[in-house]
Each structure stands twice: as C-alpha cells, then as structure tokens.
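Working notes for the structure below.
Order as written gives the chain letters A, B and C; numbering starts at 1 within each chain.
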Amino acid sequence: MTEQQAGLADDILENGVAMTVPPGFSIDRRERHTDEYFLNMGPQHPSTHGVLRLMLRMDGENVLEVVPHLGYIHRGLEKIGENQTYLQNIHLTDRLDYLSSHMNNLALCLAIEKAMGIGVPERAEYIRVMVCELQRIQSHLLWWGVLGMDLGAITSFLYGFKEREMITDIFEEMCGARLTMNFFRPGGSFADVPDTFIPRVRAVIEKMKTAIDEYDTLLTNNVIMHLRTKGIGVLPAKTALAHGCSGPVLRGSGVALDVRRSDPYSIYHRFSFDIPVGTVGDCFDRYKVRMEEMRQSLRILEAAAASFPGGPYRSKKYASYNLPAGSYYSQVETARGLLGVYIEADGGPKPHRIKYRSPSFANLSALNDLAVGHKLADLVPIIATLDVLIPDIDR
Amino acid sequence: MGMRHIGYATRTIPKFLDPLPGGAKLVDAIEFVVAWARANSLWPLIYGTACCAMEMMSTGSSRHDWARFGVEVARATPRQADLIVLAGTIVEKMGSRLVTLYEQMPGPKYVIAMGSCAISGGPFYYDSYSVIKGGDRLIPVDVYIPGCPPRPEALLYGIMQLQEKIRTEGRRNPWKIGTLNQAPFGDPLAEAKKMWADLEKSRPAAPPAAADAAGGNGAIDRPKPKRPATEQFAEVARSPLPAPLLDNGTIYAYIIENFPEITLTRQSEQTVEQVRALGQEYLLDLTVPLRRYVELVGFLKDSELLDMNFLLHVTAVDRPDRFEVLAHLFSANQGHNILIRCALDRQQPEIPSLSPLFAGAIWHEREVFDLFGIRFSNHPDLRRLFLEDNFPGHPLRKDFDDPSRVVRRPY
Amino acid sequence: MIDTSRFPATNAIGDFIRATLPGPAAELTNIVLAVLAILTVVGLTPVALIWMERKVAAHFQARLGPMRVGYHGLLQPLADGIKLIFKEVMKPEGADTFVFFLAPILSATASFMVLTVIPFDHHLQVTDLAGGVLYVIAVAGLGIMGVLLAGWSSNNKYSLLGAMRSGAQMISYEISLALLMLLIVLLSGTASLREIVFSQAGTVLDWWIFKFPLFGLVAFVLFLISSTAELNRAPFDMAEAESELTGGFTTEYSGISFAMFFLAEFVNMFMAASLTTTFFLGGFLAPQFGLAPLDRVLDAIPGFLWFFLKSYSVIFIYMWFRWTFPRPRVDQLMNLEWKVLVPANFFLLLVAGLFVAMGLV
C-alpha cells in the first residue's frame, strides 16, 4: 500500500537516510546511522478496528513509540447535534459507539430527563436495564470474536457472531433495528417490548451460560492465547486514571470504577452484581474482566427477568422537549466504559452545545504507554483488548 | 463497468480468434466463462469505517455467510481484492485514502456502496463539515444498497445484483443474458403494463358503478390510512437514586472556602443554601477566573476530601462574546462530578493546559484546539486532532461557515 | 526386500512395461508416465485442497461455505483460479521488476520439485533417489528464496517484515524437520523414500508412528508441528499474519503472481502431508491388521488411493490446526523451535540410536 510508504515520501534524504520525523513523535530529528524506521499502520489495516491510523517508530520488530492519528471517521456529530432538536439527537448517539447504541441513547435520555424532571415508570426502568445488559453482552461477544480473529483464531470470530445474532434478534423484534436502535426516549422507550421478550431473554441466558464456557475452552485456556496476552500491554492503575481510561480497561488495571455502582442511574442499584477487576493490568486481565462481565450481566438479566413488572412503558409524552437554560450532564457505563453526555441548553428546542465524552477516546490515549517496548505483533492484542471503536473516538 | 476494465488479453485474443471459423463462438465462450468466474469469486477488501461494517461482518458470519456466493477470502491488502464494500461514512480525511485503495486494486474491480452514508452522506448530509456526500463522488460505484445500516440480507441481495451485472457486462454478451426484450427507446413500462392488463382481465367483474354516483371515484373501496391512536401516558415522579457520599452543598462550601472568587454559573445567589436547594441532580457548575483555573483543578485533584482523580473531558462552548473552556472532573471513588468553567477572550483565546495534571487532557485539549481554535499554553503536542492540518477554520465555532463543505439544514 | 506381489492392482502397468520394453526404455517410460500422473495430481491437488479448506473452515465455523457454483461449491476453486488468471497484474512503484515476478515462480517451482521423489505408489514415482531425503531437504529449502525475494522486491515495509519473519522461521524449522527425517533414516536404514515406505511393510503396527514405540508418536506430532511452521500456515503464519502485516510478503502481489503463491501454499501443504505419510504412515501401503481376509480386501485397493487417503487425513489435521489455534508471536515461535523442538529432536535421535544399536526396531 502506498499509504504505508507515505512516511518515506515526505522525508528529506540525507546521505540516503531519511532524517525528518513525522509529526507527534517525541524525537525531533532522526539520528543518522540508526536502525529505526517509521511504519504506518492504517487507516486501512485489518487490526486497527476500522480507520485508526498509527504511526510507529520501530526498531526491527520492536515498537519504540506509537503516535495515533485520529479523524478518519470524524463526522462532526456535535456540530450536527447543535442544529437538531434534543429528540433528533438520540439517533445521532446511535452512531457514536454503535455497539452500545442503547446505552448511548440512554445517556442522552437521562440528561434530558434530569433537565426536565421527567420520571420513568417501573417497567421502563426494567426494560432499560435489561436491554443495556443484553447489549453489553452483545458488544463483548463481538469484542471476543474480533480479538480471536486478530490473534489468528478466525473461528472464534464466527462463534462470537453466532451468539450475537440471538441478541440482535431480540432487538430487532423490539425496535426493528439490528444496530442503530434509536429505542429509548425521555421517560421510557418509544415502544413496549413484545410478549416474546422475556422468553427470548431467558433463552439467551441459557445459551450464553454454556457458550461462555465453550469460549473458555476455545480461547481462554489456550496456551498460545496466554503467551500472547499475559504480561503484554501492562497498564498501571495510576496511568489509567491519569488518562481517564474507564470501563474494562480501567477495571483490568484493578480500579473498580463502574458508573453503574459509583454513580448509579436507572435502577442498577437494585441489582446485585460484582465488578470484576484485574490485578496486573495486562491484556489477559482485560480479557478476563470482559469475560466475567458477561457472566455478571447474565446475573442481572436473570434477576430482572424474574421480576419483570407490568404497567406503562413510558411516562408522559411532551409536545416539545425544550430544556431550560443550564448545563446538564449524565453518564452511563457502556460496554467500553464511561460515556458522558454534556448538554449546554439555552432554553430553545436545540442544544447550544452538546458534547459526548466517549470512553474509547480516553482509552486509546493510553496506547503509547501500553505498546512501548513490545513487538509489532503485540500491538494487535493491545488494541483488541482496549476495545476501541473509532467512530466513538472521532464522533 | 463496460469497456473500462478490458485488458490486454481481452483485446488481443479476439483479434486472432475472430477470423477463424467458429472462432467468434470460442471468444464468446471464453468471455462467458471468465465473466462467470469473476462473478462467483468476489474477494472483498477488509474495509469498513463505521456501523455498516458491523452488518458487513454479520453478513460474513455463520447465519448469513456470504461465502456461499464466493465472497470469501477477505483480503487485507487491496492488491488481491476484487470488491470494495463502502461500509460506513466516508469523511474528507479518509477520502483520499479510499481513492488510493481503489487505485491499488487490480482490475476488474467492483464497488458496492453500502448504506446511506456511502450513497449520499445519509444522516450526516446536513451540517457536517467533514462527511463526503456519497462514495460515488470519489470512486465509481456499481451497486447501491440503501439502509442505515442495510440488513445483511440486503447486502447479500446487492452482491447478487453485482454478480448479475458482472455476468452480463461482457463485451459481446454471448447467449444474450440480460438483454432487453425490446428496443431501448420503446416504452420502458410496456412489460409492466401488459402484466397489469392481464391482471385486470383475470379479476372478477367490478361491481356496478353505483358508488360513482355517490361522488368521487370511489369505485374501489380503499381503506384510508389511519394514524394509530396516540397512547396517553401519565406523568411519573422521578424516583430518587442513592445519594452520593458528598452532597453538592458540602463540596461547594469546601471549594469557596479556598477559592472565594468562584461563582456559580447562571445562578443569582451564590450561597451554599442555594446549591443545596438546587438538589442533588444539579450539576455543580463553577465559573473560575482564568488566573486560578489550573490551580483550582490541581486543588480538586489533590484534595483528600473531594478526591477528583478523574478528568472526564475538557471542552469549550462558543458564546457570542467569549469562549468558555470547560473542565469536567469526576471522583472515581466517590461518584460526584464538578464542571469548571473559565471564560476566554474571543479574539486571542489562550488558556494554560491541564496536561501536567492529567495525561488524558492532552487529547481533549487537542480536540478543543482543532474544533474551536483555542490555544493551550505549555501543551506538549498542540496539533489538530481530527481534521487535516489545512482545514480552514474551526468548525465548532458558531460563526463557522464553509459553503463548499457544509450544506445547511433547510428547516 | 518386500514381496512385490502384494500390490496386484498397481503392479500391472509397471510389470507390463517392464515385460514389453527393454531395460532403459522401460525406466524412461515409467518416468514419463509418472511425470504425467504427477502433473495431473499437481493440477488437481490445489483445486481439491482449496475447496476442502473452504469447506472444512466453513463447517468448523458453523457455516456452509461456497454453495452456488457446482454441487456444494465444487467449482469454486475453478472460479477463483480463472478469475486470478484474468486479473490485472500490478507492480508497485519502486519494485525490482525482475525479482518481483521471479519470486512467485521460484516459490511454486520449489514445491513442485519435491513431488518428484515422493512415491505415490509402488511404481508411481518419477525417480527414486538413493538420497531422496537429502533431496527433499535441499529442494524444500529453495521455497524460502521465493518468499525472501518477494518480500525484498516489493518495496513495502510490511512485505519485508513478513519475508524476514518467514525466512527466520523456515530456516529454523528446517532444522527440526531435517532431524526428524534423519530419525526415520536412522530407524529404517535407508535414505530412499521408497525404501522407507517398504521398511514399514507389515501390519499397521509396523508403521513408524507405532513401530518406534511411543517415541514414534512423539516424532509424528513433532513432525506435524514443524511442518506446519515450515509451511507458513496458521497458527504459524507469521509471514502473512494478516492482522499484523496485512499480507506479509504477498501484500503487493496481485493476479497470477499471487495465484502462484497461493498455488505454492497448497502444493506445499500436500507435499508436507505426503512426506508425513511416507515417513510415518506407511506411504502407499494398505493398512494391514493381521486378519487375512480383511487384509486381502484392503490390499486390492490401489496403493495411490491409500496414499491420497492418508495424505488428505494429514491435511485435514493441518486445517484443523489452522481453524482452531491463535497465532503465537514470532519470537515465541523461535523459542519453541530452539528451546523445545530441537532439543527434543536430538533426544529422540539419541533414543533411536540406542534402539537401533540394541536391535529393538
């Protein structure tokens, strides 16, 4: 790919050695007789999960420095959002982190509810919790499959998708969409769940219980998997916090920060679930945390399915959702971590400024600390276990 | 596609074979076989930018399995790919890369535009300053699949359409697959009309035109589309959430003790009682003068009581007369958050960087620099984050307008 | 020497040639026939293997795989092949043209050349060199040249990284492969591949996998591992490592040049499987169980069918590997070779020496 040679093309050659350094590296000028070279990875590369672009300073196979370049899918969602009403903004949140679209919808709805003092009926809260946990499992399934594929075990990708489709079916039946749901509204959701919802959730729980064990057999307990992830990409808790990492990345480093527990929303405080944390903060810890999270989500789902109430699925619909002037913030725990929605309202039907604090953005900013000193091949599990989603970063 | 991909062999072989007896038939046969092979062996490039890529992956997964159609062996390198599925939004920065990728693919190459973004920019058509309004503005597209995102079945159908196209695009089109039954300038709806007429004939005789007398052309009693009755819902009171360890009043009292010049944003009264009265759902929104901005953030971070060890985001707001930089802090252990606001001059916006305190601030501040043009002094690496270096202006400013990029929403 | 009357079906042609033609002419005719047969085999093997690979992968992954062309996609490899032949061939800017186009040819040639000494059947062998094993080791090593040249001439950093990885890997694993072949040479007392097959005559328990008690099985497993690495196949496909290097040394290849690498990969796989069959699984010999009626029935089936059956079973194991395991890192692969496999092979060699010295095998 000529893209990969782009770094060379701009270089000034001095005695045949490229002397200039691409932007963003900690070194100013390359030393003359050195084995170092620059390698461009992405934005079209199979393991950068979309359109992430990394510039690497390499010594043979060893990574000396990583400079991520963003913006290859920067659509300007925040600018578009300023020209749309609050409700119209919900569909834009779908396209942030499209694997956590319900949770993104929820974050925006929570902010609107907070601003307008809208209450949520019991059934709607249950729907919210269950749907979010289903999606967390769904997202982790995809992550698991893609991690396996990146490590060369392509079959795991297919297995992850196989179970994922079951959950996609539930969503499809519920709101008609498979990916960009646009389901939640301030005060509940735009439609009730169908009668088949609870039986289907039960089926997913049953299936997932055996499926996760199967995944353990296929990948978790594989010795090559251990070789590839243990001790790789160690992220100390202090660095993780300084970068604002959240979600399984931060929990893998041993910090038990989970918004569902520390700043509860919806009715998460009524369910008991554990927050799995890692000890070392390496790729394997992040892996284990996500696997355990799936089990914990199943636990929440099981409890919620057992006590799923009747009643209305949303509260009063308003003719217009004009937020009173002020600043509003809400945060939820998506599959990737802490998603915050900050709204600056000026009393009109459209926000003056809407800002999404996306988890992948902060998680990826720690990449250089994780990757330095490892091999090129280690970048793959590192990026995969950070589980970044580029449209979430670029917005 | 047509003549575009006709290569050397395709050009020369017929020259030799056509004069021979039966040679033309052989050329036709070769063309048929080659077109068949091309249609049934479409190796896709692993390319996906956004949501549609997920549905593309779903299409490759067990349930939908596009390998059934010979769309397998997804290649990571464009050199071996035949098909590029434009899955997802294409933004300006990616556009040049996409063209490169397309040019790196060997011919014959095919393009499927999957989803509304790749067709027209889709949900990002209006107001976006970076989205390219359709993949066909960059590269030629063979098949368009609408949807946001299209279902995997739709992609499969699109692939089948592409196969059909490849099979019939041959130079001579042996066996006349896919040719029209009538002259191209005839009535394009003739076939449909004929079928419709047949259908009408097979119907039972229409009831007497009594209804016509009643008025209008109500010969056929068409059901009128009805809007479903709007369901009415009762208002529900907000249920309380468990209270955090520290309430806003305590936090505010503690901060103004040390930073008396701090004010509550948009509140007439500045007392602790006022903060308590606003309740726990109120976002503690403090305005701080520029000179004490970094000091305050450092204080909050190091304070043992508040323990604000987590920087949520740094962003900015454009006001007619000023910029406001917002730093949003969160306590990972205790769960409270504080928004710190700092007004800046609109002409020469510059503010000290928070990067010495939080490593995560580096990227957040680069984003603000990119989209608002606010400079951060002593920032280690102040470059644009999302947009190309030569992008004119700073798009999140309210006065940003670039008619060459932005189509304003007309409503 | 083995009783050749055991191969009734396959000896007919050979015996007929020998009976009708004078000495040297008979040999020559035999070689020509064998070359023709092998070319057919070579032509069909990749086609069969590509289809098999896709189907095996699909069924491991709860999919169907190619279904639309021919019965269960049987014509899929044909479509792929024709498409690749008729595709534009590209050369990246700055590439060394001659070397760039030479590399795939070299790679494909090397894999074909090994097939000349493989005994597909009692007479179905181009030539039976006395030092056949040496020939295999020498010629198989040539394949590395193609890979290295491809990586170097592509003028692409990823290609170069892939080629360097591949070079290091193949050279290292050549050692353990050679040691394992040496083990069989030591045990059987001959370096001719046909003789090695004959040394396994008897019942199934006389195959080297069982005849060299327990250690034979270990050697077989080691041979599978080493040959997978030698083949650059997943899980040891460091050279291509799609998720790291996009396509490794093949990154810049398109059309027919890529098809050559593709072809070489599958011929190589068949070659490795047939070597495994020859060394450990009794080659073209029909399995015998010491039950006279059953044995006679099994014997009546031509030897080359047995050979292909065994080889394809080994290939299935390779595919099983590929679609199950994640890929280790390149340095871990080297560790595995130099710290585990080579010492283990030396140990096996030592044990084999003891066995032979004490006349136990």
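Definition applied: a contact is a pair of C-beta atoms (placed from the backbone, for glycine too) under 8 Å apart; a residue touches a chain by one contact, two chains touch by 3 or more.
Values in this document were obtained by computation on a predicted structure and should not be read as measured data.
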| item | value |
| --- | --- |
| Shared interface partners, meaning chains that touch chain A and chain B | C |
| Most extensive contact between chains (C-beta pair count) | A-B |
| For chain A paired with chain B, centre-to-centre distance based on mean C-alpha positions, whole Å | 16 |
| Centre distance in Å when chain A and chain C are each reduced to the mean of their C-alpha atoms | 44 |
| Between chain C and chain B, distance of the C-alpha-averaged centres to the nearest whole Å | 48 |
| Shared interface positions of chain A, touching two or more other chains | 1-2, 45-46, 158, 162 |
| Touching two or more other chains - residues of chain C | 61-63, 242-243, 246, 251 |
| Interface hub residues of chain B, defined as touching at least two other chains | 61-62, 76-77, 104 |
| In the complex, chain A residues that touch chain C | 1-2, 4-5, 37, 39, 45-47, 61, 148-155, 158-159, 162, 218-219, 222, 224-225, 227-228, 375-380 |
| Chain B to chain C touching residues, read off their complex | 5, 7, 9-10, 33-34, 36-38, 40-41, 61-62, 65, 67-70, 72-73, 75-77, 79-80, 82, 104, 106-108 |
| Residue ranges of chain A touching chain B (in the complex, touch as defined) | 1-3, 23-24, 43-46, 50-51, 70-80, 82-84, 91-92, 94-95, 98-99, 113-114, 117-121, 142, 157-158, 161-162, 164-165, 168, 178-180, 187-188, 239, 241-246, 255, 257, 262-265, 267, 269, 312, 314-317, 325-329, 331, 338, 340, 342, 344, 352-353, 355, 357, 361-362, 365-366, 390-391, 394 |
| Chain A partner contacts - residues on chain B that touch it in the complex | 46-51, 53-55, 57-58, 61-63, 76-78, 88-89, 91, 93-94, 97, 100-101, 104, 123-124, 126-131, 148-149, 151, 230, 232-239, 241-242, 244, 265-266, 281, 283, 285, 309-313, 315, 317-318, 326, 328, 330, 332-337, 339, 358-360, 362-364, 371, 381, 383-388, 395-396, 409 |
| For the chain C and chain A complex, residues of the former touching the latter | 57, 60-63, 92-93, 155-158, 161, 165, 234-235, 237-238, 241-244, 246, 251, 323-332 |
